[in-house]
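In the two complexes below, chain A is the common chain; its partner is chain B in one and chain C in the other.
Right after this comes the complex of A and B.
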């Protein structure tokens, strides 16, 4: 087996060997390995190229903090994902992994020329360079930048995997299953209530897994973890591993992303949990910081905690000759463990006099300790080969050969979730870190994420947070080497000419940060955006505090005085699949279809979306385009009879002793005088006097009205009605029921409409005396009870047959057959729009735009101004609402018979830069034998008979301003 | 996502509700008789409170009832909820 594999490792299954390919090379590993651990086990450190300078990079971390080792992973056909952190992705047999940001290969990358040109691409380079000449932007700069920017290539096919979402509720949510989180969950489970424990790792234990020699309650750490799992499972705690809490929202709603399976296929790949928790215990630990010094980014240079993780979890030694640079205690444990696994280890401590017992322990383990020194440079093109150490950056140095250099720059408590919950962070001088401060959310942090250092403290802290009695907390032996001491973030001194990296993923150096300060950036939020420090996909986990320390030093300020950037969700990169869940494709938005939809499909309809509805727009015959089909459908209605599916109209049944009084208040017209069996067109206004909706209202009984609304307005009209009913006039005895889905509507219109109905309807006298225009009757068609409205939206004699939706098809089929027999046919919404526009009938939202009064659209007579009150009445009384120069509805006829565009501006030819109004509807008309338009024009009614112009791309087009009723102004055809 | 205590149904997620603007806006009793300034104030003037704000919500995907919520606009926390028509002062505290 590979030369860097040791006997340890709790995550891998040594009994089996699997393989994957990395840039075409076959790599072997064990189940449980990550891509990073398998590569390191084979001595491969070079895993990527940096973003800006294309410098060779290896892993920096061993987990979610990894900034360098981003790879593209192919898990099978259609299953390619870029920018995966090699430290997180478990290997599977046959997986194909490719490195990124290099060409032609990782070892020989042409982009590395950027590293040599780095003097010319400092912080803010884009902002400074691509300003001039302006004409270069679109053709030269942007294409080049776009090619160079970004990380991996995007997937090219639709994600074939399944993603799920679910809600969960619990009394206690514990985030993080390290020592503190496990202790908290155990205590919470003892206390009772539903407990959910989640951890982003493959298994529970967290950093405890890297402390094999620690003991808890007399057990080794590994055995205690196993025991804790059993106790939690027996107590009914929901344990979610491979699950990242990525968003902490208001109301203690924490969103988790669970990676269910890496394979995909029939099983759900990822699941989003939306957990509403009574309280949240945040135990997400801390992340180690690198040390900022020149050339601190070569492959083989990594965090000490990463080396510990690779050793203890995967049984991988990151090198044979290891130098550890530290400024605090926690690296000593790692040094001793690495030496114990067979590496030659030299520990370089910045402190002149570290604790004596640590020195003794190192001696016993064969670790060489050099005190009072810091690393100041490294060598090695594709892998670190030596490190220069010196007492100070400008002092005489000496070289130590090595194949791995570990950095222990101190620990940064993860306050992300605390901050997302609305909590403040506060600088703690003793830990030299930002720690969770006050919060209004029902949450508490525990363990190293709130500055607890030793294992015993973390266990006790978690136990107490979980509701346990402090005295009964799990007891750990508190050996020095299980602790981690704080350290001041390293502010590297001025003057280094070589690159000392702060943000590894965005290639931000200490020099860049100082440059930004010199250029006047003072706010940390500005520094962040100008230098891009912390803006990469790792969100500055390893870089923010170092950058802050350097900026503070450059400004001569303290770190807390300089401030901290805001923590935003998601905590770590989360797939769109997780957030999207089931709501994709067919399930993205509900599709509403009418009961007759299948008939329209069978008739070859072309549909349009109206809100969520699918409406048949036209029914083309072979060779017909929309205009041809619509023209034929219009002729059919005008000369014979047409059948229209009007089921999408909103319908509300308004019932009660005060129903009429209620409608008098809600609508501008007077409904209380409407006789039973009659119907009336009515306008609903907003309180500001403008048209909100329109429809026909039928009175079926003294206390019962059938109200129709526009197709798109049904929900909002009901909402407005409910609002006034519940909160303004709660004393009125009236009840509202939406019946939109309960009634299907077949509109039959045209000169032969009455004849068609006569052959079908039972129990209704269709003569105009017995059943006049704007009346409603109840009868039967094909044995089904129907409500028939005699109304017209076309200008022809018309009937709208309301059928209970579940009986719609037999009625529709009977009517369709009769219509066809009478020489008519189906027509769609496009023809309906043309027919209504020829009559000057408005569509709310087409002619009106939220600033039109009834009088503006020629419907002033629909307002019962003598009513003492109705919604919108007071506003209509304002002088401005009666200004004769308001925009008014007119029709426009182009002198050259051209078709205008909707939305174009109406102008006076004498001063064409001044808009007089706009075109609201425009159609070709076979009935009129020419195109026409409706428009809203200032003082339009006073301009009837004059000539204006409409501005088009080709210049002004002369138009005649005419009355909006172009077809049958006398209305004679409504009663044929 | 807010957790809102509907006075009729109990605590529910925000997606079940629809926001409906500031609460306790009194429609002038004799609307047609009031002066332009009074009417304009009713139509357009709102407080934009920094802190506790009384506002109307409707439990659209539940009981359908309008009710009032006091929410702190600084912290986005729901302080209390109470049925429509109840005075704000009388509602403070538990439902």
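Right after this comes the complex of A and C.
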């Protein structure tokens, strides 16, 4: 197929050929190819345009470090993903790949004019140039900059694929399945305990796959990898490939992103593993650095390690005439390998005298070695065509023709996960690198990520980290193993006018960094943000250390004296799908339903969300809107009888000899005087004296209370109760049990409520003498034992029937039939709110806003001020809490009979710019024959009978301030 | 008898039968007296359960035992505690939650889709409150698998999540 394919490549299946399209051109490759390897196999190096200057770019790396070749990938409807690294995405038949950040085409991009205008867009240009006029930022500058300098377009339709999450626990988690990680996992498996080994690559082996001539324990590297996999699988090690450890959290909770399939469909596409590990062995290797010199970014210029990866994994030669620029040893291996695969290779070493045996090995392989030279420039518009080399930047140069230029600027150990674990990094002069330092987490780094250099050292280091005895470590024999020998980071010399790129993804040049230093930025964190170096999605994998070296040189400091920026999760770009997992659609948040939910659905209810609960808001009949349905439901309750599902009310059973004393301390009212069989409305305050919750409390026995809370407050009230019980009053002999879901509650209310119950209830005398308002009785309905509370939230005679939840439906059906027979029907929360507001009953969270005292809402008499203590008592004694000018609950009636809006401001017509309060509830009322509102108004009770105004969009509306109890002020209807 | 929710090879999730559940609170120092009332020994090891005469007692917090037993025995068991001479709280919560029984080789993996606990740390009889997805559940390792119970209003969510986890486990 292509002239750039060799006979090698352990990742690809040569027996099959598949194809995809790249910007409309059909490209062939083999299963196992990445987009990048397939393109390179076809001689295509131009894969993208750079972020800021729109310069033509090819791949820099061969893996996760890739900053240039970001592409959009489409695998069918809804399966479009932008910003994918071409070096990581395996090709699938028929997939569509598009390049990014170019217009109209990759080869002819009008944005490239930025490259010529670069003098006007230096580091930090957007902070300087686009300041004025201020109003232009949001509407003009920012959108234009975003379009010109950006990543790919966002997807537009819902992702059709499945994502999953799973928790896992192990004694040892090994991150990275290169030589050190494999050795560590083998040793840990021998030692016993659960072991998880993950690697972001398509298969295990890591950099070992690029060392085909090495032998371990007498096997070639490839065979040893196969043997290691078998041993690990036999030992029960959970082996996760295509899996990136992207977050290292506290308590050794490491989050992994597993790419299960690229195809999607019925299979899980990506799975997030939350791994809680006893200890973590980090063996994530190191990443090669580019060399900083002018025009070091043309397509065809890449890392030496990338060329090695493409050769050994995919059987792809990145060029026929290759120049390698190096300043240390590891590039020699790559040079020999590339020459062996048929390329003409020239190796340019900055050092005057590299080790003699390396030169001999090169000569034997036919590699030309030029010592004491560095690259100083390149040529070639859409692909490198020649490189200028010279003994020094300003010395006489000569041109070497080439179709690929490889850079070997040294290796940067990956300390990301170590840093995320809370570990410090320390500069190691011998390695010329930042290495893992101290950490509090139970983790250890092994292999090249902690500065180990040779294959033998890495295997031994991993083996020991995994708990193995050093003497029995896998033994490596690799005569050409030159290791990842130390190289000083490259501080590109000052003075070059052409662009020498440091951060390829964000288009940051050496000049930008020097400019920032000249402008006074000294802290590495400031330099990073001002220049944007290291802030792209590659997190500066290839650029941080070079940028640091340049900044240090410009400031006349050492590298360790200048410092390193912090590493944050995610280690690698991670999809929202992975992080979302199951949590979408029906599983986004639980939807809680009551035992009678199906009956409400059948009755055509329109539901509203109350916290996680679905509550029936109203039951429209054909042709009715919410107002019409609610008006009908209100009339039904006021004139006949209504049935309401009140199951969501919080319920807590408080039991113990000190239950009454406990409730006396917790609630503002006095519960100890409550007789058995009776109920009392009570307010719970916070310690600051403001209303926290309310509810009816019934005394079932001397030592047993049934406490109700608001629907939304059920969980928090129980928490507050437990908190006080355990920490403030541990001497009280009392226990709490949530019974919210034990009981389903059918509320029956209206003038015919008693008649309805009389036909249903066995064992209870319903006469007002025997069962008065605010009392509780136990009886049976349809044979089921029930607790009946005679309470009212509507102002009419009312009963709340508490039924054990599993028997809810037969009881509900019996009650519903009786209600219907009595000429009544179902009502929803909307009608309930209107009915209670007509009576001036508050809703906590509606009339109260966390700053209302009992007296503010007219419930001062609910406070038993003579009790020695209760939660909030001392706060209520503060002068400000007794100020007569506090906001107080009143009702407002509009002079023009218009309906006010909730939240609108109440004002004095004489000075309408100052707010006197706000409207807290507002409804049309069929009972009153007019709309009305409840409001919290400063000194409201002293203003009863006066006229104020409410500010509306149409202007002030005159209102009469009246008492909040608009319906049945005498309470006569509570006992009909 | 029990309704099947899902199967995955030899693994299944099905509705637990209706049972009586009585939540007993009492002082840990009264454990012997409480045991005498229950008719069998209540565990003094946290997050463990004991059994006797058809009932189980799950020791869920220092002063809390959940008594689980046959529906028909509910009244008798409650009556034993009603007039006890020691201080305690007994509340019938038989209707509060619903249970799901998970059995088979992938039962642990089904739970691992939503439960952050290391299930291997719970030996047979072990029990604990934990999370399944966003919902508080009670996990109880029984002889033949797991019993997971949760407040009944969350049932649709729990079943949906179990099915989603099963689909993931079925995915290669």
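Here is the rule we use: the second predicted complex is superposed on the first by the 952 of 976 C-alpha atoms of A that agree within 3 Å, B and C clash if a C-alpha of one lies under 4 Å from a C-alpha of the other, contacts with A are read in each partner's own complex, and residues count from 1 in each chain.
By our rule, a contact is a pair of C-beta atoms (placed from the backbone, for glycine too) under 8 Å apart; a residue touches a chain by one contact, two chains touch by 3 or more.
As the structure is a prediction and not an experimental result, all values here were calculated from the model.
**Student:** Touching A:162 in the superposition: chain B (first), chain C (second), both, neither?
**Tutor:** Only chain C is touched by A:162; chain B is not.
**Student:** Have a look at where A:805 lands relative to chain B and chain C in the superposition and call it first, second, both or neither.
**Tutor:** The second partner, chain C, only.
**Student:** Which of the two partners, first being chain B and second being chain C, lies in contact with A:222: first, second, both, or neither?
**Tutor:** Touch status of A:222: no partner.
**Student:** Please tell me which partner, chain B or chain C, touches more residues of chain A.
**Tutor:** C
**Student:** In the overlay, answer first, second, both or neither for which of chain B and chain C A:874 touches.
**Tutor:** first
**Student:** A:655 contacts which: chain B (first), chain C (second), both, neither?
**Tutor:** second
**Student:** Tell me which partner A:250 touches in the superposition: chain B (first), chain C (second), both or neither.
**Tutor:** First partner only, chain B.
**Student:** Now for A:570: first (chain B), second (chain C), both, or neither, which partner does it touch?
**Tutor:** A:570 sits against neither chain B nor chain C.
**Student:** For A:735 in the superposed arrangement: first (chain B), second (chain C), both or neither?
**Tutor:** second
**Student:** Where on chain A do the contacts with chain B and the contacts with chain C coincide?
**Tutor:** Dual-contact residues (chain A): 167, 274, 276.
**Student:** Within their complex, state which residues of chain A touch chain C.
**Tutor:** 162, 164-169, 260, 266-268, 271, 274, 276, 582-583, 586-587, 589-595, 613, 653, 655-657, 733-735, 737-743, 804-807
**Student:** Note which residues of chain B are touching chain A in the complex, please.
**Tutor:** For chain B paired with chain A, touching residues are 1-3, 13-14, 18, 20, 27-28, 31-32, 34, 36, 39, 42-43, 56, 58, 60, 64-66, 75-78, 84-85.
**Student:** Quick one: in the complex, what on chain A touches chain B?
**Tutor:** Residue positions touching the partner: 167, 249-253, 274, 276, 422, 440, 687-688, 719, 722-723, 726-728, 730, 868-869, 873-875, 877-878.
**Student:** Can you check the complex and tell me which residues of chain C touch chain A?
**Tutor:** Its residues touching chain A are 18, 23, 25, 63, 87-97, 109, 112-118, 120, 133-135, 151-154, 156-157, 160-161, 164-165, 167-168, 171-172.
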